[in-house]
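Structures follow.
Below, chain A partners chain B and then partners chain C, in two separate complexes.
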Partner chain A sequence: MLIKVPSVANLGLETIKVDIEVNLANRGLPGFEIVGLADKAVAESKERVRTGITSSEIDFPQKKITVNMAPADVPKEGSTYDLPIAVGILSSVLNFPIPEKSLFLGELSFDGSLRHTKGAFLMALFAKEFGFENLFVPLPSANEAACIKGLKVLPVENLTQICQHLLGQKDILPIVYQPAEESIFDKPEFDMKEVLGQEQAKRAMEIAAAGGHNIIMVGSPGSGKTMLARALPGILPPLNEAESLEVTKIFSASGGIPPGGSLIMQRQFRAPHHTASLVGLVGGGSKPQPGEISLAHRGVLFLDEFNEFPRTIMEAMRQPLEDGYLTISRAKQRVVYPADFMLVASANPCPCGYAMHPKKTCSCAPTQIAKYQKRISGPILDRIDLHIAVMPVDAEEFKNNQQGSEFLEESSKIKKRVVLARQKQQARFASEKIHSNSQMKNNHIKKYCTLTSDVEEILRQASLKFNLSARSYMKLIKVSRTIADLDSSVEILVSHMAEALQYKPKNFESA
Partner chain B sequence: MAQHNEVGKIGEKLAREFLEKQGYKILEQNYKTKYAEIDLVTENQKKLIFVEVRTKVGEQFGSPEDTLDRKKLWKVLQNAKFYSGFTGWQGPERIDAVCIVLNPDFSIDRLTHHENIVS
Partner chain C sequence: MDKNVKIIEITDDKFPKSLKEAVKNLITSAEIKRLYYKGNWCPEIFENCLAVVGSRHLTSYGKKATEQIVTEVALAGVTIVSGFMYGGDEAAHSATVKCGGKTIAVMPCGINRIHPESQKDLYEEILKKDGLIISEYEGLAQPQQWTYVQRNRIVAGLCKAILVTEATENSGTLITAGYAKKFGKKIFALPGQITSGLSKGPNRLIKEGAEIVTEAKDILDFYKISRSKANLPAGKKLVLGSSLEQKIIEQLQREPMKADELSRLFLLPSSQIGTTLTLMQLKGFINLDNGKYHIN
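== the complex of A and B ==
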């Protein structure tokens, strides 16, 4: 008896349909074979299915069972095929039909219950696109699939339950989508209020958050660079619907959505250590997995101690910084992962860290400083829109600030301005594919950032004086556009451009 | 004779009776070659059928099917090739297994005939 159970395979962010064909032959020694380019985890599903069915108090058929996964030339991986295989076998034992327009996915536990399985969200997107109506997914993954509207997501707790449903004895009720509640873990570590002094750096952070600009902070140790970066999530605007879908896709593919989780609504803040491997950061592997830069998609990638990162890693980020996506090519497959992130970097000016310190003397030789700063390559610095020097907070100022700290601005207030500026950008780019000012290409700049003659004159003088590259020139216009948005100004004014010029690349040695 | 050999003999007898009832013609029993032994060589519907008989008392320590490992199947296959070569058989062949589970009093608990076990 031959039974077909439809399921899916996720290749990166792409989803294809996989038919699980289960055949129970009357001839031959009883056994269990799986064919169709199955990896180790799929081959091991034999044991999970056998024990899961036996634990559900159903006799495992003493027949020669052959399972084929079609198309047979696509490598199958993971534990997601346990449920379709078990349903195929049970369907021939208990004689129930496989419902039409349905997809099955789930990992079995030895006791016959179903475990949280990654990729439920991607399957739901696929089902929506290709007209499947019923999705059978494990209960802990059901909410993840249910955020796609117009589908019947049936949460399966164990094999007994799905048998009763398919035999028509006791129906499983479709799950109702519940948005994830904001947990305490989503709260940022610091509030902008807690950062004393550093008003210019805070302003730069606000601009970066509003326009999605890359930012680098250079300063001596203990001046608050890391604290500023850690407070950044508190002023980031929330993800819009389209962005949220993109981020959730990546997390679903990499198994980053917790059981019971659903759409990711917060911008991600990823802070990998500088010992991270190249593949860990940009993604890769023989079965390409998303790296930190893709997990930071539409969010923040914070690289603390930027010059400690190996050169290869920094250079590998050049292309995704420009394009917003990364193509990982391996012998077996090619995967495109989106990687449109906001880079926040922090660095010391020299090995001892006190090169720019107003009071302490730097103990480094000039050659050492030059060598240290050369670790960050020019092309990378050129791709960073905002360059700021974080000066150490004076002890006197610190004391005054401590007293007046209740007057400092809270993150929530800054966030309101940022959200307003983002809304303006979204309205502006409604007909475009981009979301924020930092993503503007030259044609967008031409279209949306017409400069008055005064502003153009300032920019011309500045580019002559500082020898700005063509890219830096465009970056200045983008930053000034964001500053104008924060100021609720339709036009870019001279003051906006003047402020933008302060954030241009600097030579920190002379600072 | 040790008990497990006796059980084997009883099993082979039961299998032979079972196959005869099904209309199989028994050509040889315990056919020995220099490799090993074939329990039963039969003919049915112009097919030469080699039968390996496995017998166990009770299934607490594994079923008779479990004892048919790859090594045993390979041995049976080699033997079958030798037999058909030696007798000059021209025609289809098949290797079957008859698995028997006995109760402690040697009455039949289960007798299963698996067709075409080597494919």
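== the complex of A and C ==
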């Protein structure tokens, strides 16, 4: 007797349909075989299915069972096929039909219950696109799949339950999507209000968040670089619906959505350590997995101690910084992962860290400092729009002098301005493929950033005085466009350009 | 050996007398037998020498003061002698070549080596402006810890007087000052804030009797040269735009400040202060150095 159970395989972010064909033959010695390019985890599914069915107090058939996974030339991986295989066998034993337009996915436990399985969201997207109506997924993964509207997501707790449902004895009720409550983990670690002083750095953060600009902070240890970066998520605009789907897709593929999880609504803040491997950072592996840069898609990638990162990793980030995606090519497959992130980097000015410190004396020779700063390559620095120096704040000054503390703004206030500026950009780029000022290429700049003669004059003077390159010229225009957006100004004014010049690349040496 | 390198023996008539006198009383191992040099050796260059020495980690104050004083002294015809290290020495050498004065660099390494290499441009500029490069080591000898100290005795010995700009306590700069004291040279010191670690050295020298220097005249009086104002760059006239610019100038005249400090002081948003500071910078009123704004 031949039974077909439909399921899916996720290759990176792409999903294809996989038919699980189960054949129970009365002839031959009793046995259990799986064919169709199954990996170790799929092959082990035999034992989970056998024990799961026995634990559900159903006799495991003493027949020759053969499972074929079609198409046979696509490698299958993971534990997601436990449920379709089990359903196929049970359908033969208990004599129930496989419902039409349904997909099955889930990992079995020895006691017959189903565990949280990655990829449920991707399967739901696939189902929506190709007209499948019923999704049978483990209960912990059901909410994730239910993010997609217009599908019947049936949460399966254990094998007994699904048998009762398919036999028509007791129906499983489709799950109603519930957005997850904001957990304490989603809250940023610091509020901008808690950062004392650093007015200029905070303003630069605001501009970076508003225009999606990459930013680098250079300063001595203890000057507050990390704190500023960790406060950044609090002023980022929320993800819109399309962005949220993109991010959730990546997380579903990498198994990053917790049981009971739902759509990801916050921008991600990823802070990998500088000892992270190349594959961990940009993605890869024999079965290409998304790296930190993809997990930071539409969010922030914070690289602390930027010049400690190996050169290979920095150079590998050049292409995604430019294109917003990364293609991982391996012998067996090629996967494209989106990686449109905002880079926030922090670095010390010199090996000892005290080159710009007002009190401590730096003990580095100029050649050492030059060598240290050269660790960040030119092409990477070229892609960073905002450069700020973070100077240590005298804590005593703030203890004794509370003057101006009413000027310390809360993150929520800054966020409101950022959101408004983002809306202006969305309206501006509605007909373009880009969505923020930082992504403007030269043709966009020509189209959307016409400069008045006054502003051009300022730029001309500045490029003479500060030796600006053609590329920094363009960066200044982009940053001034964002400042103008924050100021609700249609035109870029002299004051906007003048402020943008504050964040130009600095030469931290004494010269 | 480089054909530009020449040798002068201590027995030579042209050997600077002040140095010969100075090292005469040192122990045998510190005697000088010969010097290697590059450039045009003429006795006049040794006539009025002032050693200017300072810390490798000069503050922006030290740098500014060095430039101000050295420029005027060098313009009056005094040769500036220093050790070609980065920081204090570099500031003295480059201020001199900038105004067209003569300077002598005493190297701690072999005469054919440029150390530190990053100052190659300055090295060539010194020779171009009729200055001298001197070393007692031949070839490409590497500098050693002890050669820096040995070099200092030549710096001190060549000069009539020495100016200490900035130095921490127990620093190499103070070793040069110690030699100068031993040789009976006049010691000038640049006063600094008592809270600054780099002013501890010169402030201690002042306490011990060194002459305080607040303007170039203090030094020129010692050399009995009247200063000529003719070549000095004229003071700039400030044409200020807004009242905020006026207020910022007033603050910066008192002390250099960070942009953040200014925005706290005036209770103005950082964006406004930043805008004003950039415009003032473009007009040439102020200057950003090491994170702080200075009056030009």
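The criterion applied here is as follows: the second predicted complex is superposed on the first by the 488 of 511 C-alpha atoms of A that agree within 3 Å, B and C clash if a C-alpha of one lies under 4 Å from a C-alpha of the other, contacts with A are read in each partner's own complex, and residues count from 1 in each chain.
Following the convention adopted for this analysis, a residue touches a chain if its C-beta (ideal position, glycine included) is under 8 Å from a C-beta of that chain, and two chains touch if they have at least 3 such contacts.
Bear in mind the structure is a predicted one, so any value in this text is a computation, not a measurement.
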Three-chain arrangement built on chain A, chain B and chain C clash or fit: fit
Compare chain B and chain C by how many residues of chain A each one touches, and report the one with more. C
According to the stated criteria, A:Pro366 is in contact with first (chain B), second (chain C), both, or neither; which is it? second
In the overlaid three-chain picture, which partner chain does A:Val419 touch, first (chain B) or second (chain C), both, or neither? neither
Touched partner set for A:Val93, first chain B, second chain C, both or neither: neither
Output check: A:Gly28 vs chain B and chain C. Expected answer is one of first, second, both, neither. What do you get? first
Is A:Glu499 touching anything from chain B or chain C once the two structures are fitted on A? First, second, both or neither. second
A:Lys202 in the overlay: touching chain B, chain C, both, or neither? Say first, second, both or neither. second
At the CA centre of chain A, how far apart in angle are the CA centres of chain B and chain C, to the nearest 10 degrees? 130
Minimum Cα separation, chain C to chain B, after superposition on A (Å): 77
Which chain A residues are contacted by chain C in one complex and by chain B in the other? none
Write out the stretch or stretches of chain A touching chain B in their complex. 26-30, 62
Within their complex, state which residues of chain C touch chain A. 56-58, 60, 63, 86, 116-118, 168, 197-198, 258-260, 263-264, 267, 269-271, 273-279, 281-282, 289-291
Taking the complex as given, what residues does chain A use to touch chain C? 197-200, 202-203, 356, 361-363, 365-367, 370, 389, 391, 393, 403-404, 407, 458, 461-462, 465, 483, 494-495, 498-499, 501-502, 510
Inside the complex, what are the residues of chain B that reach chain A? 65, 68, 97, 112, 114-117, 119
